[in-house]
Each structure stands twice: as C-alpha cells, then as structure tokens.
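See the structures that follow.
Paired with subunit B in one complex and with subunit C in the other, subunit A is shared by the two complexes that follow.
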Partner chain A sequence: MTTSRQIYLYLAPALLMTVVFFVFPLIFVLFVGLRDWDGIGAMTYVGLDNFRSLFADPAFKTAVVNTVYWILAGIFIHTPLGLLLALILFKKPAGWKWLRTIFFLPNVISTTALAFLWYFVLHVSLGLVNNGLKAIGLGSLARGWLSDPSTALYANMVPFVLYVGFTMVIFLTQMSTISPELYEAAEIDGATGWQKDRYITIPLVKNAVGINIVFNTAFCLRMFEYPLLMTGGGPADSTLNLSLYMYRAMVTANQYGVSMAAGLVTVAIGAVAMLLVFAFIRVWDRKR
Partner chain B sequence: MRKTGKWLGTSAAALLALALAVSGCGSKSANGNSDGNGGGSQKEIDITMLSSWSTDTERGKALKTVVDRFNQENAGKIKVTLDINPDWPALQQKVKTMIAANQTPDIFNYNFNPNDLSRQKSGKLLDFTPYMDDAWKARFNEQDLKALTVDGQLTSIPFEKAGILFYYNKELFDKAGIKQFPKTWDEFFQVCDQLKSKGITPISLMTADDAWHTTNAFTYLAAGLAGTSVFDPGKPLDTPEVAKAAEYLKKLFNYTTPDALGGNYSVSSNNFITGNTAMIIDGPWLIGSIPAEMAPKIAVAPAPTFGNGKVKPGFVVTDAYTPWSAAKQQDKTKEQAVVQFMKYLTSEESSKTFTLQGQILLSTKMQLTEDETKQAGPILGQYIRTNGAASESIVNIVRTLKPSATSKLPSLLEGLALGKWTPEEFVKRLQAANQA
Partner chain C sequence: MKAVRWSIIVLFLIVMIVPLAWLMLASFKTSPELFSAPFKLPLHWQWDNYRSVLESHPIPKYFLNTLTIAVVSTLLAIAVATLVAYAFMYAFKFKSGWFTLLTFGIFIPTNAFLVPYYFIVNWLGLYDTLFGVALVYAGVSLPLSIMIIKTYMESIPKEMIEASTIDGAGMHRTFFRIILPISYPGMTTAGIFLMITAWNELLFASLLTQSEGTRTLQVAIRFFLTTFSANYPVAFAAMVIAVLPTIVIYSFLSDKIIGGMTAGAVK
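Presenting the complex of A and B:
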C-alpha cells in the first residue's frame, strides 16, 4: 500500500526540478523585470517602468497581436487539418502507413532547416511559388510573399500550418482506442462514412482535440525560428511575435529588464490562453 | 528587501557562471581564475583570444598566420589559442555574458560605440595606458587613441577601421553606356535610371540585422548634406538634413532588388558578386568573396557628393573601430604576456599581413611599397589607394546609435521603404529610439 510519505518521496525529484528550473528562474525574471540592466553593469531598480515602456511600444502591441494570430492559426487551421488527415488515414486507404510516415517526417527535421527551406520556396525571385505561378501563366499573382507586410505573417505560418504530422498522430492514437463495434453497429444502421466520422469518431477524440490545442497553443507562444529566419520580424515589424520581441530587446537593444518584462507578459498570456482552452474543453464536455 | 535583492543578485551571478560553465566558455582562460602561471614559474602562459574570423576567410587565415608566428617566436613561454565563433552577434553576446559573470575573456574584439560604453565601464578590462610607451604609441594615430580612451583609461587597442567604398560592375556599366562612376548624387541617380532602363538592378541594399549596405548609403547621404559631424554623439537625428537624406534613401529603394526588404548581408552581397546588381557599398572584406572570374569586372570608387562643400570629395564612411580589449589580470606575468602579444599584433609586420593577406584595413600605421600594393591584387590595390586618399571620414550611423535604436533600425528602414512613414517621421522615430 502506498503511503503519503512514499507519494511525496516519488514526487520530490520532479518538485525539486520544477523549483530549480522553473520557479527560481521565474522569480529571477521578475527580479530583472523590475530593473534596468544592460547585461554587464549594475542593475537599477526601476519599479514598473519596463512594463510601462512595453505597453507604450507599438512594436510590442504588434507582437502580442501576431502571437494571438499564431495561436488562432494553431487552433482553427493546424488542429482541424491534423484531424482531417487523421480521419482519412484512419480509414486505412492504400499506402496509409507510408503516408503516415511521410506526414510525420517534417516533425523530426529541425525547424531551422524548415524555415530556410520555406524562405527559398517563398523567395520573391528564386522561389518555387513565384516561378511556379509564372510557369503556369499566373505571373501576375507572383509577389514578395515574405517582404509584403500584407502576406508576410501568413507566409511565416505556412510551414507550421502544413506540417500537421504530430497533431495527426495524436488523433490517430486516440482513434485506435475506439471500439470497432461502434462502427459495425453504425454500418448496420446504414450510416455513411461522414456520419460515422461526425457521430462516432469526432466526439470520441475530444480529449485528443484538447491535448492538441494545448500543445499547439504552447508551441505558438514559443514560436521563434520561423519569424526570425524567414523574415526577421519584418517587414516593418509585421511578423514580430513575443519570442522575437524578447530576443531583440535582450540581444540587440541590451534592455534585459524590458525583455524579462515581456517574458512575464508572455507567461501571463500563456496562462490566460490555457485557461480559455480548458474552459472551452469543459463547456464542450458538459454540452455532450 | 535589500537583503533579498542582494541574494537574488548573487544567485543571478551564480546562474550566469553555471550557464557559462555548461556552455563551455569559461574556466581556463578566465582572468578571475588565474591558474598560477607566471610569478617566476617557467610554466607556459596560456592566452585565449576570442574572434569571429574563421580560417575559411582571408582575414581568419591572416590572424592564424600572425598568432602561429607569435607562438613560434615565444615557444615554451606564451601560447595564444584562438577561439573562433564566426557568428559575430552571438560572439558579442557571449563576451558580454562572460564579463557579467566575472569571466572576462583574455582577449576579444568588438565594435566600439561611443553610445554604448558598458564594457569599458564594467571595470573588468585591462588598462593599457601604463604600457603605451613611445614606440607603441607611434604605431597609432593620436585621434584613434583619443577616441578609445574612456575615463582616462585606454582599455581598447585600435585595430580594424575600414573605409567603406562603392564597388561597381564595369561590365554592367558598359552595357548601360556609362563611362565613369558618378561624381555627384544627381549623376548617381541618373546612372541608376540608365541601368534600370537596360534591365539592370542598380544597387544592392538590405534591411535585416544592422542593414549594413543600406546604412552605408544613408551615412554617405547624410554626411554629404550636413558634413561628417552629422552623427556626432549628442547631436539630434531629426534634423532637416537627416530627413532629406532619408528622402534620398527612400528613392534609392526604387533601384534595388525585391529581396532587399528583409534581406541580410549575404543576400545583398551575393546579389552583387553574382552580377545581379551593378553596385554595392561595402568594406574591403567583400573582396575575398568576389569569384576570380568576376574580379576583373569590379572596380571601386569614392562616394558621390552633393557638390555643396559640406564634405570634401573622396571622403569615406568607415566601419566602427573594431579594437581589441583584454581582461584585467590578477597575474602580472600574464598581463605582461597579453601586452606583449598586443604589441606584436599591431606591429608593422603583422599589419602588413592583415592588409595584404587578410584584406582588411587597419588603424595602425603602415608603409606599403608600390610593389606590395600591386601584390595585393587589382581590387585591393585600388581600394588601398582610394581609401588612403580620403581627406575626411565619418563612422557609419549604425555603429554610433544606441543599442535601443539599432534594434529598431530594420523595421524603421522597412517602414520608410514601404511608405509607412515619411522621411520626417522616420528620423523622428529614429531619434526617439536613440533616446530610450
């Protein structure tokens, strides 16, 4: 029989790690966030000045809005695409195992390599997209996808939105736990493929929907490589997000306090986003 | 509260030290942990030198040659080890972290910025003033030594200070019927129109990182309109002359490649060295990247002027001083070894190696014979002559801005190019960012 002492003992390593590598750094971030520091000299206590300058900076507002767009793309485009792909592969069409591997493959390639790949795919003069459009007589549609502020943010999101392999695998795993008898019964009742998806599969993978939304929201909050390597946050800050804002404030502007303050705001936004996600899942649960 | 702050500060320092230890950039070479070399001991003194000059570049090869030569001459006594990180911004960040963690690198280089004296004011750099004897002092211009002296201490030794010139592709100029490089900005824009009418993209520009090629153009334009003191520390940036320069810069964006917005140094320079553009404004380090078959087509020229007498024809924009600094040493013998190496690094012989082999121009004095200039190759020879004839100079604006303004520069330039703001708004925003 497990005693409460044993429970605490088993939890101790995880708790210790959390305190050392999360709680203490978070306190340190708050400590620096209230100070003016260039990374070398002495720190000066400035109270909430760093937060004031953050909220007065239009670039920070852009970064917050763009991060929210990333999260929305994760929830409303990336996750449904992953679900769609999983629904197709769950029907086990010819070569589905190969397709599953191919769809998952981008998830084991470094994001840096993918960012550079897509930089060249979308490049204004060398890019596959523009040259493809020109080749089929649609040259008028060619444009600087990454250098036009009206398309740059969406162009940044393309690799993330398309590479749904990880999300798809989570859905497939959950789908594999559904009893085949449910489908057999539905078939006897004359249910179409869409009706089986609509009334059996989708409702029974709602836990996977929740998990995927949580994972993708966290991924979007941490998103750094695509905006940095594909557009550097530009043009004119149009693709700046919170991670890149923090990086710039610290590495280029030497404003460590501002960077840490932005980090704390990101944590707060992340907490709110997660609360909303969990509230949504709970409401969905109750509805059913 | 004060106690908590102190505790957190100590913990922060400990964290930084731990991070450095984990990333493998601490210990052996750090000044704070002298291993007891010297002090009468016969043990070889180890000095670690941080640099971004990788040995696949001309300047990296030259640096290795000089260091190897020094090590050979001082075998068994002093050994300098190169620690190369080709990523310049990452190297600079590492240096700053090391200084903050009290593990200042033995020797390192950086871009001197009079508006960012955080390294000098850290109190952790070696003051070379007591070692600056007449012979060593004579190797430098008085003006350079003065510029690098902060609070009466010379913690940086002048080294690289390259003039930035206009490179142009003679073949593309010929194709557009252009006989010579323009002398005034009016002629320059006419040349751009001529090139453009022949389907040739006139100039390479970029906006990412430090927007180097673009800020070279901007500095030339602003100095041409307001003189070489236009960006002196303390002077406002939102003047009518600087706004006018921004207006010209905006016009220049009409003559560049579509990938200039968001493009970085390699995108911009590749456009020139592959013949996609007819001009670029850059330093001598570009020469090493020009392919052999392209080299005969390339020439260099001084910048155009506005002919208004604000600057003398032939003036140059320069890169920042990129001096060498060293850690304050607890061990006097090691300190003397560092100074001995710095004297060797800035000697006439080493300077010639850096210029002729490494294709970089230095602050140190040097007499090159006609044969040596020829030996440098056609482009570098022409470069040395043009740069040497410059009557006055100004440091590129990006090297004198405060870090807060530098971080905003790419988006400001992109906003200007895209018409998001007027030239007047651009300079106002730049001035505001420089005050932060």
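Presenting the complex of A and C:
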C-alpha cells in the first residue's frame, strides 16, 4: 500500500535542495543585508545602514535604472521583434526550418562568448560596425559605441535585443497549435495576410506573449555577462546593472552587507516586476 | 509583402552570421592585418594563432572541467526532480502547497544569492572544487527541472499506476518498473536544458572557483580579453576553439536542443 510516509521519501531530496538553495539564502540575504561584514571577520549588526548607503550611492541608482531599462527593452523591443520573426516564419517561406535553426543558434552559444564577440563588433578602431560605416561612406557616424556615455548602455543591449531566437521559437510553438480552419475561413472572407496576423494569430498567441515577457524579464534581472565583458559597467558606471553592482560590492569591495542589501532590492524588484506582468496579463485576458 | 518579409529575414541573418564569420576570418589574420584590412580575406592563413592558444592555455582541461560540472549537475538535478515529479503523481496532503514551495524559485533572480551560495559552498568545504559549482547549478535549476519532468509525467495515464498497484507492486517498485522506464523522454528534455545552461554559466563559476585547475570555459573566455589583449587575432582563435564544439553539436541535434531549451517555457 502507498503510504504518505513513502511519498515524503520522494519529496525529501528536493525539499532539502530547495531549503539549501532558496529558503536559507532568502533568510541569509536579509540577515547579511542588516550587517556589516567583509566575508571573513565577525558580522556587526548595523540596522538599515547598508540600505541608507545604497540609496545615497549614485552608482546604485544607475544600476537600478539601467536594470529597469533592460527589462523594458526586453518587453518593448526584444519581444515584438521575436513576434515579428515568428509571424514571418509561420508563413513557412522557403527554408524556414533552416532559418529557425540559425536564429536560435545564439541561444546555444554562451552569453559570455557573445559578449566577447560584440565587444569587438562595436570596438572603436577594429570593430565591424565602425569599419562598415566607413566602407559605405558614413565614417562620420563611427564612434566608440561602448566608451561613449551617451551610447554605451544601448550598445550594450544590442546583442540581447537582436538575438530573438528563443522568444521566436516560443511564439512559433504556440502558433503551430492554431487550427488551420480559422485561416481557411478567413481566406474565404477575403482576409489579407496582415489581417490574418492581426485578427487571428496575434490574439491567439497572447499566452506566449505572457510567457516571453516573464522569461525575458527574469533574464534581464539576472543579466551579468554583457555589462561585465562589454563595458565593465563603464564609462563612469553608466552601464552598471544590479548583477554587476552586487558582484562588485562583494568581490571587489568586500562589502558583503551592502552587496546583499542590493540583493534584497533585486529580489524585491523581481517580485514587483512579476506581479506587474501577471496583473497586466490578467487585465488583458479580461478584455477579450 | 513578400519582399518586405524577405528583407527582414535577410537583415536578421546578417546580424546572426556576419559577426561570427568576421570573427572566424579575423582569427586567421595577423594583428596589423586586422586593423588595416578588416574585411579582406587573410593574406596568409595564420594557423599559428591557434597553435599559440593551445600551447599557452590548457584548453582541453577547461573543456573537461566544464563537461564534468555540466554532467554532474545535470544528473543530480534530474535524479532529484524525477523523484519529486513521481511523488506528484499521487494525491497527498497540501500537494499544491508543496508544489509552490518547490518551484517558487523559478521567479527568484538567483544572482541576488551571491553571498549565501559562496557561504554555503565554503561551509561545505567545496570552494574552488568542480563539485561545489555543480551543486549550485543543480540547486538553481531544480525548480525548472521539476516543472519540465512533472509536465511530462502528467501525460502518463494514471491507470498504469493503478494497474501496477493492483498487481501488488508498492510505490518503489511501480516507480522503478513502470514509471521510470517511460519517463526518459521528459528527463532527456530537462537534461538538455540543464547541460546547456550549466555549460554556459559564468557568474557562479567565477565566484566559486579561482585556480586554473577548476577554471571553466566561460571563465577562461572572460580572461581571454586580458591575457591576449596584445594580440587580438589570437584571442579570436581562442574564442573560435571555445564555441566551435557547441556549434558542431548544435548542428547535429538542433531540433532536440531547441525543444529542450524551450521546454520550461512551453506548457
């Protein structure tokens, strides 16, 4: 007979790992966030001092604002581009399976490698972009994309914004579940390609829109490699984000307390972002 | 309309292919050539760039380290996730509460756990070991692995468990004899996802290791920029060596890999 005791046997390993890697860390982050600690010596309780110094630090403000920009770029540029490509490939142009495979490739190569690649693509003197501009006579537009404070943040986001393979595949997967009869009926009524996209495909993939926004938001909150490798957070901290801020506070400055106060803010921003996204999806659901 | 569609496709193809092709070409040039003729084919193909990378860095060692971490973390996470997913095939008290507890981690930005993970790994005496990194990867990816495998097991008819129980088999026997053998596709899907995420991870690998002996490929790539700063083509060659195996494996298994990577999102 199956007893509940046997069931707990199957739950136990996962419970242990969840406690070690999620429950304990959450408590520990709160604990360390209220303390002054260099990672080696004793911890001293300092109340909200770490948070006060965070909010007084202009670099932290930049890191929060930039992280929000990343999330917005994910929602308003990356996701629509993924939808656009999916709509095009859904019409099954010649070689669409190949195209799907090629567009997904950057999601298999590490972000570290892509960051390295784009560091050179946008490099001021040997970069592909600047040399390309010179070759077509637009040399005056060439600049140090990653070292100019006015473009560095956007240049930093370029690979993420353009590599939409993952998002596209999520859309395509959901599109493949739409009944072909809907399109046949629309064709009989004389609908154009764009009308079919607008009135059939897009409304029927709104689940995928939600999933993509959730995934991209989580991805942007964790974003670390592009800022670390392409700009190092510079120039003048203008491309700093929360991951890099926490990493620096911990590894470079040995301020573990400050790092985890920032960690707590990150978890909070994540929670707020997810709530907003889910609320938005619910409102959207009701409208239809 | 067709022309518009194809020009969009071509634009995206250019963004995908040209940078990679440019990097590969540049890895065969000399340093002065890289600056003077950025778009030309190399005058003499410099295989020496590749030789000097392999001579100066234990690249095979980095591969082996990364592979070890990826395999160990994947096996661990799959084993744990499969056990839980099986438990969820039965009815028990507070089932949905348990599910929430075990999967809420999907929504946590785990980069906020730098200090706790560092602390845990140190406390276990696993700092600067491959197993320490693998353990953290298994822990971080566990919630999504549970989701993927549980979703797969939900497609198994409950009657199979009932029939097995009527035959007198207990919960353990039913698991090993009936459920486990038919759950491999779900486990493979999760495994692909876990392998690729582990292979590509940088943040925790740089945090939890420091010596050359435990360096992963991604951490090595991070250092290519500084160690080869005097000679960019050599850095490019290092980069090509580091990503080429991934591209080759992907070209053979692209459908499986795409399915595995997106399984956590498509439900």
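Assume the second predicted complex is superposed on the first by the 271 of 288 C-alpha atoms of A that agree within 3 Å, B and C clash if a C-alpha of one lies under 4 Å from a C-alpha of the other, contacts with A are read in each partner's own complex, and residues count from 1 in each chain.
As a working rule, contacts are C-beta pairs under 8 Å (C-beta built on N, C-alpha and C of every residue); 3 or more make two chains touch, one makes a residue touch a chain.
Keep in mind that what you see is a predicted model, and the values were worked out from it rather than measured.
Once chain A of one complex is fitted onto chain A of the other, the partner contacts of A:Ser125 extend to both subunit B and subunit C. In the superposed model, A:Trp284 lies in contact with neither subunit B nor subunit C. Within the superposed three-chain model, A:Arg248 lies in touch with subunit B and out of touch with subunit C [touch as defined at top]. Of the two partner chains placed around the shared chain by superposition, neither subunit B nor subunit C is touched by A:Phe76. By the touch criterion defined above, A:Leu146 lies against subunit B but remains apart from subunit C after alignment on the C-alpha atoms of chain A.
Judged by the touch definition given at the top, the superposed model places A:Phe28 against both subunit B and subunit C. Of the two partners subunit B and subunit C, it is C that touches the larger number of subunit A residues. Once the two complexes are overlaid on the shared chain, A:Tyr199 sits clear of subunit B and of subunit C alike. In the superposed model, A:Phe55 lies in contact with neither subunit B nor subunit C. Within the superposed three-chain model, A:Phe215 lies in touch with subunit C and out of touch with subunit B [touch as defined at top]. Touched by subunit B in one complex and by subunit C in the other are residues 24, 28, 32, 39, 125, 251 of subunit A.
Within the complex, the subunit A residues that touch subunit B are 24, 27-28, 31-32, 38-41, 43, 45, 53, 59, 123-125, 144, 146-147, 149, 152, 231-237, 240, 248-249, 251-255. Contacts from subunit B toward subunit A in the complex involve residues 5, 8-9, 11-12, 15, 89, 93, 96-97, 99-100, 116, 118-119, 121-122, 207-209, 257-259, 261-262, 264, 403-404, 406-408, 410-411, 414-415, 417-418, 420, 436. Contacts from subunit C toward subunit A in the complex involve residues 1, 5-6, 8-9, 12-13, 15-20, 22-23, 26, 34-35, 38-39, 79-81, 83-84, 86-87, 90, 92-93, 98, 101-102, 104-120, 136, 138-140, 142-143, 146, 165, 170-172, 175, 196, 199-200, 202-203, 207, 217-218, 221-222, 224-225, 232, 236, 239, 242-243, 246-247, 250, 254, 257-258, 261-262, 265-266. Residue ranges on subunit A touching subunit C, taken from their complex, read 1-2, 4, 6-7, 10-11, 13-15, 17-18, 20-22, 24-26, 28-29, 32, 39, 84-85, 88, 91, 93, 99-113, 116-121, 125-126, 128, 131, 135, 162-164, 166, 169-170, 173-174, 193-194, 211-212, 215, 218, 221-222, 224-225, 228-229, 242-243, 246-247, 250-251, 256, 259-260, 262-264, 266-267, 270-271, 274.
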